[in-house]
Amino acid sequence: MTKTSIGVGLIGTGFMGKCHALAWNAVAATFAETARPRLVHLAEARADLAGAKAAEFGFARSTEDWRAVIADPEVDVVSIAAPNPFHAEMAIAAFEAGKHVWCEKPMATSREDATAMLEAARATGRVAVLGYNYIQNPVVRQMEAVIRDGVIGEVNHVRLEMDEDFMADPDAPFAFKNGADSGYGALDDFAVHPLSILWRLAGPVAEVMTDQAKPYASREGRPVETHEIATSLLRLRSGASGLLVANRAAWGRKGRIAVQVFGSKGTIAYDQERMNEFQLFTREGDERLQGFRTVLSAPVHAPYDRFIPAPGHGLGFNDLKVIEAHELLAAIEGKPARIVDFETGFAIEDTVHAMARSHRDQRWTAV
Amino acid sequence: MTKTSIGVGLIGTGFMGKCHALAWNAVAATFAETARPRLVHLAEARADLAGAKAAEFGFARSTEDWRAVIADPEVDVVSIAAPNPFHAEMAIAAFEAGKHVWCEKPMATSREDATAMLEAARATGRVAVLGYNYIQNPVVRQMEAVIRDGVIGEVNHVRLEMDEDFMADPDAPFAFKNGADSGYGALDDFAVHPLSILWRLAGPVAEVMTDQAKPYASREGRPVETHEIATSLLRLRSGASGLLVANRAAWGRKGRIAVQVFGSKGTIAYDQERMNEFQLFTREGDERLQGFRTVLSAPVHAPYDRFIPAPGHGLGFNDLKVIEAHELLAAIEGKPARIVDFETGFAIEDTVHAMARSHRDQRWTAV
Amino acid sequence: MTKTSIGVGLIGTGFMGKCHALAWNAVAATFAETARPRLVHLAEARADLAGAKAAEFGFARSTEDWRAVIADPEVDVVSIAAPNPFHAEMAIAAFEAGKHVWCEKPMATSREDATAMLEAARATGRVAVLGYNYIQNPVVRQMEAVIRDGVIGEVNHVRLEMDEDFMADPDAPFAFKNGADSGYGALDDFAVHPLSILWRLAGPVAEVMTDQAKPYASREGRPVETHEIATSLLRLRSGASGLLVANRAAWGRKGRIAVQVFGSKGTIAYDQERMNEFQLFTREGDERLQGFRTVLSAPVHAPYDRFIPAPGHGLGFNDLKVIEAHELLAAIEGKPARIVDFETGFAIEDTVHAMARSHRDQRWTAV
Amino acid sequence: MTKTSIGVGLIGTGFMGKCHALAWNAVAATFAETARPRLVHLAEARADLAGAKAAEFGFARSTEDWRAVIADPEVDVVSIAAPNPFHAEMAIAAFEAGKHVWCEKPMATSREDATAMLEAARATGRVAVLGYNYIQNPVVRQMEAVIRDGVIGEVNHVRLEMDEDFMADPDAPFAFKNGADSGYGALDDFAVHPLSILWRLAGPVAEVMTDQAKPYASREGRPVETHEIATSLLRLRSGASGLLVANRAAWGRKGRIAVQVFGSKGTIAYDQERMNEFQLFTREGDERLQGFRTVLSAPVHAPYDRFIPAPGHGLGFNDLKVIEAHELLAAIEGKPARIVDFETGFAIEDTVHAMARSHRDQRWTAV
């Protein structure tokens, strides 16, 4: 079997830029069937950093001009991990240069930009993947299988919570994320993550009724313009009812994405803070022995087996990005791939925009 | 010290009737300062059962006519544990006969009846206590102290979930609770419980935005008229935001009342299914050692010490009723008591009625 | 059905005395088939307390002389909750007076005294029950059923831990329990509890290899004579291997009795600090969905249903004593009863004595 | 800063071979200060696999003869992930060729071979690291800091459990691990792992009293020669008492390494199945609010921050190997490194040999 080697460009070397770099370094050694990508060109806006980051991350060339990456004929796919306001321009330029795109979420800071990105992806037919790595967790994949196989029956109710505490300190200074330019607040920062999982488990949301709240009205004397807390009632297209809450000011929560899915025959529950397990209750068997079981991640939950052949040893957050890279490469090769493409990503973000409109209008709002 | 001995009447010998009986038998042995009540008169509508239940429960006399209990001059306080539709008539008659009343929740099946009960309580000045035993948990009392003492700072967000699964089976026959005569569904069956805890922890609700859902549209070919699931956005009078969900069809949940309270300095979490512990996070101390701690119930959490002098040994559901009986007796003696009186109980139930109106009108509704 | 009413005497009104009193007050109201016992006579060595305790606990008469209780012709059964050194004299006197005995563990402070008690019980044929309430937990009973029904196959390995922290503070003054007069230390204070559970789940111990340790050699300048920590290898008569550890100096543990039982088809785990649940793993079904399940106590786990008809609401430590009282009354009526009688209790305590000998001799020791 | 680039050779491409390969691919991108190693030469005994594995893992050359890797002048360090019986020959050859060695545990299948390896390491002065990745967990490192900083006071008692279930099925066929040639059984397969953690937390073991057991005497009619279960009493050199148990036949346990460490001021607990958290109890502060806290792994627990800048997102098993590679490279550069070198590894394995002797002799045995 001859395998095509893909040339990779990377724009951005911060939190998610490094995460992409780690994934590009690991994907071939993890997935035997995947051709080893060539790490061709890296862009980092700070000229003093670009060379060092290329050396660290194993890229052959570096630049401070992201357009050079996109122009590089050896680059087949571009990882976009630059700040959100740049996503649209970069992605559209990449598509127009014939490149595939792996862009961190959110697509853009405005619905107009996101629409333009989606249209560019459609027009060029290039592979267009958004960074929604939580759905790549083998445990989440197994929960999907549980639902698809009817183990918990028909889903009739869902609950989603996403909480962290980086905005929980009332005495912290006014920051970029406290200003209106940064977006809605917890709503766009967080809600897309549980919604991406919900999309896989129970499909799209039809209507939302949303409220937002500011735990701290001002910081350093300046009014806070974003909302740290968003709460929303959901009606799913399937008819199921639901709740979503996002909170950036939840002391003690660090990476909580808690999901509960109730069906006619059972229930599943999951918390990203314990990402190597999920809870399952089914109504089957001896009633005296029924209970929520804790299922630990294991080789039987593909593709956990590609990382570790022994059960219960645990994957990490960065491993999910490796799986995402593998799925992206599969898509480029024309194989079926389990990704959040621009179509789905746009729909997820549109759900968030509907929530914001619902809050503004104080009424149920269709997505 | 001479202690007054209170004469007790009991109406009803089912689930909660037995629970009251156990509490009346235990309260004096548990709380040394409490005079041993005299178990005077018991009413059970089924004539064939009344005598046997009196013998079991230790009551001196029995009757099939509840009015005989109320008319009994030796009875000072009446436990009302009869079906909900009878509460109003019984309580009002008891008040008018000069008795104190300990009535199971809800007060009544209509707001009009509840209003009449409240007015009778006010008019006679008798002690009027509703059965909200969950707030009597020493762990809940400690959570109140945590908040009152400012340990988690100012509360800005709350989440309440109450779930059981006795209506989860789609194949179960049409039952009384599926008909409109039984009330709203999960809303009035469940929501008052977490709301009573919320009342203690963060005060009253000002506005609600509620949705209700039917996981199963029909049973045995008959349309289901009640809603097994209710979801609600909350705005508290304090300004805090919140969520409440109640679900009678949540497979695997048996007595879950999950409470999360977020403050400016910390977070508390509680689940009634593990009623002898709560979780506390505070932002204090070495950041490398911060985390949610599991606090086990112990003698330092009064009045746990009255039951067991050793920590971590655990109280049970029925013990909470013993504490409630003790508080009731304190109220009768004119001492400060930690109870849900008819005023507060009426307000809690009114919150539920506001939720039902919100669902009907599809808009934010003031309580 | 005519039911015999049993006359009860109680000696001791401390921790366990009160626990017995609560059980005697509750047993008839909890178990409908049980005749209401008459609370006849209470002994409390402190004359100033005896009358008050009788009033609190509902006993008709009181005395400061325990012999008066035993001599009382209306007393049929004597609860012995006096300090351990008195158990032998009291129990033997009670048997000789023709009374049934419900004695707190341990039987006695010496093997000789325990032997005499056992012989008195045998000679008189009276019902002789020791206070081992942990085995009365419906959850423990269900674990027994799991094993008896072969759900986890043949048991091949067990682990027992009992930990509290009341001796954990190195700066606490020298106390009675630090002196050799009080016994071995954690070994006799704690080990009998997990051994009583083990007895029900996997049968008796054949051989032990034990070590004891003193975390703090002295207190207030006086050498500590007892051992706060005992560790033991076990070989069960069934052939299973095992471990037992008891620690009175385990910071943070409050009432931990952790039990793990491994079998050829599954595993169960339990912790008394969460006494309303146990964990069960079986190798059955889809491997992708296997995991330890948390089974919550429920009415299907008899006799939970006698306390509460709804699942997941939770029993408490004191409720276990009510069940024990019920079993005792059953034994008195000649029915099958689930108790630790003097034969079994003697064997359990003998296991502890063998552990002490093993520690002394530093070798495997037969029980 | 000029950084030296290390040339890497890898022998073996199975479970641990792949784990090494992933680490070599990731280490430079994870740790900015680490020079990117050159992946030079890979040996895989199966000629048909060698080339493919080199391509997958990113090695420049491949061979079916491990001696070629050791002879390669471009190779500076050799990863030995071949079956245990080959470790000694390979490691000694590597040392003699002037290479550094990173060898999977156990060192060898006999104490003689291990001794020879240790002597070769000493004689050549090359860096000699054993694969004990569990100690590299930032959570374990934080537990060390907790103890070193006196947060839980002086350690007086420890408990170690390691359990998996790959030998739990009584109906599985007779396998290599059931024969005496494979070693002792759970003792050498598992015990070194918790002992390596213990070494970091509380130092070496002085004396052991060990028992071993066979849950299933035979498989396919052949007597099982190894012991799936080992239990051991421990006396640490520090004077602390302890327990260790290892079980390869523990249904439902998948990668459990449960550690409890008790001190004079607090307690820590850890379970490798939830490797991103540990439990801490300290006796400090308001007694009503004390409890075991769950500390989630976070950037404040170095070097978690090198993988993810956000707390609570979770590392995986393979990430621990990346940390180990980084420490190995530090050792090669002459910097302080947190590793299990051959000296320590030999001592850990010697503890296991002492346990086997103790079992044979049925008595306390010095390490």
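In order of appearance the chains are A, B, C and D, and numbering begins at 1 in each one.
Everything that follows uses one rule, which is that contacts are C-beta pairs under 8 Å (C-beta built on N, C-alpha and C of every residue); 3 or more make two chains touch, one makes a residue touch a chain.
What you are looking at is a predicted structure, and each value in this text was computed from that prediction instead of being measured.
Counted by C-beta pairs in contact, the busier of A-D and B-D is A-D. Relative to chain A, the most remote chain by averaged C-alpha coordinates is C. The distance from the centre of chain A to the centre of chain B, each centre being the mean of the chain's C-alpha atoms, comes to 42 Å. Taking each chain's centre as the mean of its C-alpha atoms, chain A lies 33 Å from chain D. In terms of their C-alpha centroids, the spacing between chain B and chain D amounts to 53 Å.
Across the assembly, chain C contributes 253, 277, 290-292, 296, 298 as residues in contact with two or more other chains. On the chain A side of its complex with chain D, the touching residues are 15, 18-19, 21-22, 25-26, 28-30, 32, 36, 52, 55-58, 164, 166, 253-256, 272-277, 296, 298, 307-319. Taken together, the chain C residues at the contact with chain D in this complex read 152-153, 156-157, 159, 161, 168-170, 209, 211, 213, 215-216, 229, 231-233, 235, 240-243, 245, 247, 249-253, 262-267, 281-283, 290-292, 362-364. Residue ranges of chain B in contact with chain D, taken from their complex: 142, 145-146, 151, 277, 280, 287-296, 298, 300-301.
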